[in-house]
Amino acid sequence: MSFVFYILAALTIAGGLAAMLLKNTVHCALALTVAFAGLALLFLNLDAQFAGFAQILVYIGAVAILVVFAILLTKGSETPKDGVFSRSWLAGLAIAAAVFAVLSWAVLQSTRVLPHETAVPEVTVREIGVALVGRYVLPLEIVAVLLTAALIGAVIVAMHEKVGHEKEEFQ
Amino acid sequence: MLGEGILKGMAVTAKNFFLSFVSAERLTTIQYPEQRIAPFEAARVFPFLVFDGADWESGMRCVACQICEKECPPKCIFIEKSTDKKPDFVGKPQFYPARFDIDISVCMSCQICVEVCPFEAIKMDTEFELSTDDRFGGLLLDRKQLAKSNDYYHEIHPTEASAVDARLAAEKVKADAKAKAAVSAATAKTAAIAGEGA
Amino acid sequence: MTPLAGYLLVAALLFSIGLAGALTRRNAILVLIGIELMLNAANLNLIAFWRYGPHPEALTGMMFAIFSIAVAAAEAAVGLGLVIQIHRHAKTTDLDQMNRMKG
Amino acid sequence: MFETHLSETCDQIFILLQHWLVSFLPASWQSAASVLLSVAAIICLFAALFALTTVFERKGLARMQNRIGPNRVGPFGLFQPIADGIKSLTKEDIVPSSADAVVHFLAPVLLVVTVFMGFAVLPMGRNMVLVDLDAGLLFYFAMGASTELAVFMAGWSSRNKYSLLGAMRAVAQMISYEVPLLLSSVAVVMITGSLSLTKIVEAQNQYTWGLPHWYIFTPWGFAGFVMYAIATTAETNRSPFDLPEGESELVAGYHTEYSGFKFALFFLGEYVAMFSISGLGTTLFLGGWSAPCSFLTWIPSWIWFFSKLMLSIFVFIWMRGTLPRLRQDQLMNFAWKFVLPMCLVNLLAAGLWRFMGDGWLRWVVCSTILIAAYAGMGFAEMRRQRLGPRSYRYAE
């Protein structure tokens, strides 16, 4: 366990906690990007260069921006008067705590069988690319179809129903 | 073809770019404090007071009638009438301004004071470098600062000044003739009285 | 504690934070943020298992993570599109007030 | 023999200098010190280049408009950036009272940091690259994507409608044009077979009949370069895509509420982003540090890199001096309905080029596909009056 790991883990957890606890929604989104950046650095710390950069590109460059756009479009940055947590917050917290307890218990129980420090795997981007179009070509194609479907679906869902509105206004 | 206009426009700017190094007449810039262009004759900035002759105090055309003070839209003119009189250009005794101030930080260069002045005493100047570090005192011009000679007026607005001079001269001739007539009438009268008396 | 256990614990903590957020926040967008955090925690698990697993050259965990990133991006796009549409319809993103299915 | 040695020394002079300087330190510090030295050199170099470019841009724009430009401070106005720097350093740093002070402070810092990070993977000469990452191009784009967040933070934290509108415009524009930017670069990656920027340059550093194998001299490379240039102009918010800071409607866009040094940081960020993205374009399409003819290889490689970079900057300035600003809908239509389809067609052409082998046939096929796509799409767009000549209703 290196010093770098502790710093990155603290950064990620702090970002995640802030994203879930802060009152202002935009601050939550910005804290979320901190968590994403921490995760990307953890990926790099795990010698997964490609996944780390893809994480930054997709999450910080696209998902975080999408989230802040959605917040501004829904006027979500105004803090509601009756608190930011739902009525059943206690149950949610209890469930989350239970999940964490179970997961950490499982991890700590299996420490003996978990492998120790191993050699750094030498994986080039080229190998990832070859694997993507070789062994994993079917999932790749399915993801492509999924992304296309999601693209069209998101456009249709978020599109303004222009025709309907005009009709309403005429009547 | 799409993108044709962009290429044409780029060619124009490229031509400007290279030719501006070759031919100096393409450059439109005047390097202001060192190079200047002569002000246009019709240019007008702030008003000044015209005086005739050499001495500004005795030659001042203003008779302190206060029309300009009343007409001034932003009320930037302050006039104090004198208690004594001095002769004007035709020799008629007139009041003169004991105080004549224009606050050029208020003046809006509308030229109404010039339009309404019946004595051709206030005219528009072309001087524009009036900035000062004292924005209260420095921009309030008194009558000494405002007084400029008729020669200066000729220099900046030659056509207008000649027309004004011609009118004033005509007026003076008329006044002289009137005075002469009055004098001759008076002498005739006295002569008649004397004759009657005799 | 082995390095892998450390990563797994961080992932578990992040997952629980995301879950707690998704279950307790009122704002629909923040619920989506919580779900994103959970997905990311899973990604961290996959990458950690790939790094410390017996066959890193097979790239299984890495591929899982990459596909998961792509799917999560699609999920975020559709989910946020839905939230925007709901806000347009119900004028709120508060999940406690979205308690009827009638439009 | 001596001459080759001399040119070799000139080529590697910065590397040799770095090794010489580092050799004074104890062995355990040497690797860290050499990295720090390179980072400091990059930051100083591009900050100085930024200062010079501001004055050259003003002078160049002036010449394009038949003016003289700044010529008062120092000989030919060359000290103008120093005067500007002193001015912005001594200005009061104003933070609006309702602004989000922390985010407002972090935004310019984040912008400058992410923008400078991109230089880490750019090869600026033979062996002159800070880190030769295997996924260098991906790293570059990851850093480029992070600048959007800085722009959003700046706009949102200012609590000013102009800032927010400018930021939203900037972010929407940068996301839209990131797609063609990535797709035009993907063509290069497809041909080279590597995401490493040094490998991309090495693939172009070959000569046939004295002419280089730069990707711009291939049909798909030329089309890709044009698309890349359009996308970079939008990505760096330069005219004619400078809507985010369109001063006629938005005061100054997302940096309306910034003054003094923070504004200078935004200004620096904008220019350094321009340098870095021009450097990437040079690396991808213009052969990076390779010489344009085989008999010119004796000139040091870094001179070639920086002359190509400055040439790209000049084209940026030239476009700024020529083209009027687009409207928001024109900008978006252009990105999604013209540039993106062209990039996809270009990917197809690049794939054909890769698999058709040597010979004249691939030149004919690729050129035909690209020209047909360009002409067809251009004709369709102009027919729909989206991109055609303007009709003025009230003017004339």
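Order of writing sets the chain letters: A, B, C and D. Residues in each chain are counted from 1.
Keep this in mind: contacts are C-beta pairs under 8 Å (C-beta built on N, C-alpha and C of every residue); 3 or more make two chains touch, one makes a residue touch a chain.
Since we're looking at a predicted model, the values are computed, not measured.
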Quiz item: If you count the C-beta pairs in contact for each pair of chains, which pair comes out on top?
Solution: A-C
Practice problem: Taking the mean of all protein CA atoms as the centre, name the chain whose own CA mean is closest to it. | Solution: D
Exercise. Averaged over CA atoms, how far is the centre of chain B from the centre of chain D? Could you give it in whole Å?
Key: 59
Quiz item: Any idea how many Å lie between the Cα centroids of chain A and chain B?
Solution: 76
Quiz prompt | Whole-Å gap between the CA centroids of chain A and chain D | solution = 29
Quiz item: Just how far, in Å, is the C-alpha centre of chain C from the one of chain B?
Solution: 80
Quiz prompt | In chain C, residues with contacts to at least two other chains | solution = none
Quiz prompt | Residue numbers of chain A (touch at least two other chains) | solution = 50, 54, 62, 69
Exercise. Just say which it is for the chain contacts: an open line, a closed ring, a star, complete, or other.
Key: line
Self-check item: Pairs of chains in contact (touch as defined earlier), listed by label
Solution: A-C, A-D, B-D
Self-check item: Contact footprint of chain B on chain D as seen in their complex
Solution: 60, 63-68, 318-319, 321-323, 374-375, 377-379, 381-382, 387, 389
Exercise. Over in the complex, which chain C residues touch chain A? Could you list them?
Key: 1-10, 12-27, 29-30, 32-34, 36-37, 40, 43-44, 47-48, 50-54, 56-57, 59, 62-63, 65-67, 69-78, 80-85, 87-88, 93-96
Quiz item: How about chain D: which of its residues touch chain A in the complex?
Solution: 103, 133-135, 138-139, 141-146, 148-149, 152-153, 156, 164, 168, 171, 175, 178, 193-196
Quiz prompt | chain B residues touching chain D - in the complex, by the definition given at the top | solution = 1-3, 5-6, 9-10, 12-14, 16-17, 20-21, 26-29, 31
Quiz prompt | chain D contact footprint on chain A (complex, rising order) | solution = 26-27, 30, 33, 40, 49-50, 53-54, 56-57, 60-62, 64-65, 68-69, 72, 77, 124-126
